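Chain IDs A, B, C, D, E and F follow the sequence of writing; residue 1 opens each chain.
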């Protein structure tokens, strides 16, 4: 009986003590701790853009440097879900890239295409903003007019 | 002439009017595009199984009865409490105190009685009931019915 | 007589002006109070939580989550929609009160994404719901979701609410 | 005492319900507030990952393992890579092993944060959950600087890892784990774990005995919560886990019965601390430089054979049963996950509890829907 | 002159002269003006409280909170209100349409009724009823009817559970709340709110919370039971988000839900003002509320709100600090801890008064 | 326990029923048995004091083209050893005894195998589809599975954005 009574009052004491402790912590946060919010998009701070809030290695939208692309189609073949479409055409003597589309709505940002690229022509940019009203906007064409592919010699240079 | 209860009445009416007017405004400007799917009862995206109007096992009936007992007795103690101060100042404090004490003690004994008999435990009763009844619908049936309904 | 000198037309025009202003104010209010349905389907749901969390804090835009579709304005389809889930998702969308908006968050919701090879996935949530904003990413960053919310807000602001048709 | 006769109420909890952690569905048969039983209905996120594995080359399947358990993607990467490596007998560079362990343990911390936080959220305590999310942001930044993604890291490759550590990574990681172990967890425990209300919600609820836990194939923290000292990192060590000194936290009935929800919760809290210990040691031992990836042929074909490899994920044993026919795609890949048996167990332990307890029980098992459905 | 209606009536009569013709107009005006003012005041206050709650929660969670609508987002509640007005109003087919519609009326009206006897400081009390405190206790239990009604009428199982829970919870916590108020009645000997305020003084030692140790305990008992009465965490069972989706208002959309929302926050305000009035001296600055000039009277209002706002803050603060109890724990907490404790507070306060001849701990200081 | 010792021990205990026993990579033993021996063998493995394979860690079904197989992964806390048990089934009638009674954790594993491969488990209490909808047709993990065109009016194919 005394045990039960002691337990009864211990319960009250515990409840009060632990509640007070918890509330002390939240009060501390209310009073002292500053917000860690990054006010994307408009109040990022002096001279900061959206790209600055991501880390260097961030895997954003794919980017193509068409001047060094050798048109080897490795990235297209290695993509498990076929979100890259490249067509090449022989215009005159040289092979030309006529189309280099990346379906960013489908892309899973895995990096397999980037790893496989022998010349590092396709890389990740830091861009992550791409919300749009029409899904077709997310199919991004990197080539607007046929561009000659780079010489495969570059491949050996890159190793 | 002015009556304080007039205030209460006006307030009550105004409270009603407040809601009524906002609802009228809603009627005026809010869209209304009902369809059978929308007007279906929400149950986490599933077809509701059965109606919500069932015989509800409300163990709190008991709590309600306890509440009424307590509330009634508290009301009985009200006059004593209101007059306690006057009695005290008039020298009759001890009698008033004894009165309150007796009342509260009786109430308290009632609580202790309920406590001892386990009326304040919610879970115990149910465990027993679960053992006694064992009325459990086959879930298989529910799932297959659903599949039929969809197909 | 030119139409603009007609008194009735004049009144009409005035009221249209007023309606436009009121409309704009109402849309502004609506855009700043977009409550989203708390529904995480897959990976994106974690980023959805993070968006409500302290770093991105979607509450800045007056958005908070509601657990029931009746009280929410925005459905964020955060993740893969399987064929088993699709009817439920559609029902949840239907049960939301008008006006309502949908964000397809992440590749899976956009077009099936990396699960295009699968047999049990809806290839794009726009096949079952009208999607307002598509958001790429797998999963999108919280900031990207914030951007999608801003797109939704812009859409709301450009809507004609009282003036149904000109 | 009079028994009030009442109808049985059958109601759906999920697939859209705030506390079912993704898309689970429970069919509750209740008697008012009291539940007679809860029948789990899963598969709302069945994405056919095992079938996809049969359609893709070995390397290309790696990103999919991220999505098996999105909270602990590196642990899944790790398990899959390990399976293929053991089958094909590929040596992994020393540094890559360390980076794998560090990132996997960091992921464990991050995953447990969501697990613990979500449980608290289900119990109505929003603030600890948001605080856990805040720490997760730091963790996310750390992982982003290492792997380039916040959630689906896709860091581990067959034969190594994709990137070397970025500059300043060690220092940042050390600061992070110090903050977690010495500051954040203390505060978190004060705020949540040791709160009387919280303890009362958790103790003696959903008790699973050790025998039951083994019988129902529970794994990971759920098994350890029942007092079974079994951790694949110790009992069947893989990678370089045998080089580290760490304990296996087990439930011992801290406040109530052994194997209750609180024990499962507390095992996770302690695991976070153990992970911090492992990371600290790994950071000390990790070589400064060195290769991080073994070069594989472009068309990679492991030898014919079958293998079963188990790794310890935040949600318990992650087993990959891989059958290779010598081709470039796996012939069959079965993924055994911790949440799968845990979800089955939820139905078993939730008989005769209250609706509110079901929420606690689901939270304490820390199930993740895609792990169940795959 | 003990209430606002009379003051206004006298003022109007003095201004325009008394006549049989104008008297009904005066009467109506005397009733309506304070009513409308109080209603709009309480609506705005509860709106501001929603903003306050979101800001406080944001601060506690290292966030910023709403900051886009107006300076620091202060007009967020207006945006929310307007949006709710423009949302579709859904009544499910399976619901009991009449009860479904009537429930918000009952919830809001009964919440607003409690405002009648709240002394805003000075003469600003809408009706100083003799039974003021009992009136509040009675009226606040009317809210239960509304909740139960909405839960039942929705024909939704989550809503039903929420409604039943609210009934069980609110009637249980009614007892400790009423009992802890009675400890003060022992001291004052009257139920009139204005009298209760006037019996206290401007300084903390004059307040009833510090009258004796038992009123001190009763204060906390009332605070916590008040949390339960207004369905705030750790007692927010009727709308426990993670358990019952959204509880009794699961099926409510648009403004009907908005009215529940408004009532919830109005309840916070009412509960805080009762606490401030009964235990913390209300708007008492040591002057007579009726005869002093307009400046002291306004100061009294200020004092009153200076006490209410921290109490509202505490309500919000608790919500963001604690997890939710379980239903049976909540019930046992009420019946096993709160009711015995409040009983003993009542008896011990009576004993204290008897022993010290009606004086408090600080009676020498407070004179 | 060493793999060779375990193989010797298993050979001694299960002399009559072993069809094949071999070492697997990753310290594992592959034990192949006949279909109708499954239940007795697993019972022995679990109940035998010395073996004590009480933990049922994994189960999967495989479509080997000309036959099905069900594979069980067991673990013994006492020995610290894993064991893989494999049963081959005929292609046209894939049926095997359920071990749900023996290992209660096997319940969902068997349902999943039934769901995805169509292997029936005799004596299972509730052998229904687990992951896929109950009105789904076909067994996806079979090698000859053809993807459905649509399910309840929802087409499974989507034009890629390149085509649009």
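Heads up, the rule we're going with is that contacts are C-beta pairs under 8 Å (C-beta built on N, C-alpha and C of every residue); 3 or more make two chains touch, one makes a residue touch a chain.
The structure displayed is predicted, hence computed values, not measured ones.
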Please identify the chain with the largest separation between its CA centroid and the CA centroid of chain F. E
For which pair of chains is the number of C-beta contacts greatest? B-E
Top of the farthest list for chain D, CA-centroid basis, is E
Quick one: report the Å distance separating chain A from chain D, using the average Cα coordinate of each chain. 24
Averaging only over C-alpha atoms, locate the centres of chain B and chain E and give their separation in whole Å. 18
Can you compute the centre-to-centre distance for chain C and chain D, using the mean CA position of each chain? Integer Å is fine. 32
In whole angstrom, what separates the CA-based centres of chain A and chain F? 39
Using the touch definition from the top, which residues of chain D touch two or more other chains? 9, 11, 15-18, 32-33, 43, 46, 48, 51, 56, 63, 127, 130, 134, 137, 152, 191-192, 195, 197, 354, 373
Check: chain A positions touching at least 2 other chains come out as 11, 19, 22, 25-26, 29, 35-37, 39, 54, 80, 82, 103, 105-106, 108-110, 135, 138
At least two partner chains per residue is the criterion; list those residues in chain C. 26, 53-55, 57, 60, 67-70, 84, 87-88, 92, 95, 98-99, 111-112, 114, 116-117, 119-120, 124, 138, 141, 161
Okay, in this complex, where on chain B does chain D touch? 43-46, 48-50, 54-59, 61, 117-119, 122-123, 125-127, 129-130, 132, 135-137, 139, 142-143
Give every residue of chain A touching chain D within the complex, in rising order. 11, 14-15, 18-19, 21-22, 25-26, 29, 36, 54-59, 78, 80, 108-112, 115, 124
Would you mind writing out the residues of chain E in touch with chain D in their complex? 57, 60-63, 157-158, 161, 164-165, 233-234, 236, 240-245, 320-329
Tell me, which parts of chain D touch chain B in their complex? 1, 3-17, 25, 27, 29, 31-34, 36-37, 39, 41, 351-352, 354
Chain B contacts chain C in the complex at 29-33, 35, 37-38, 40, 42, 45-46, 150
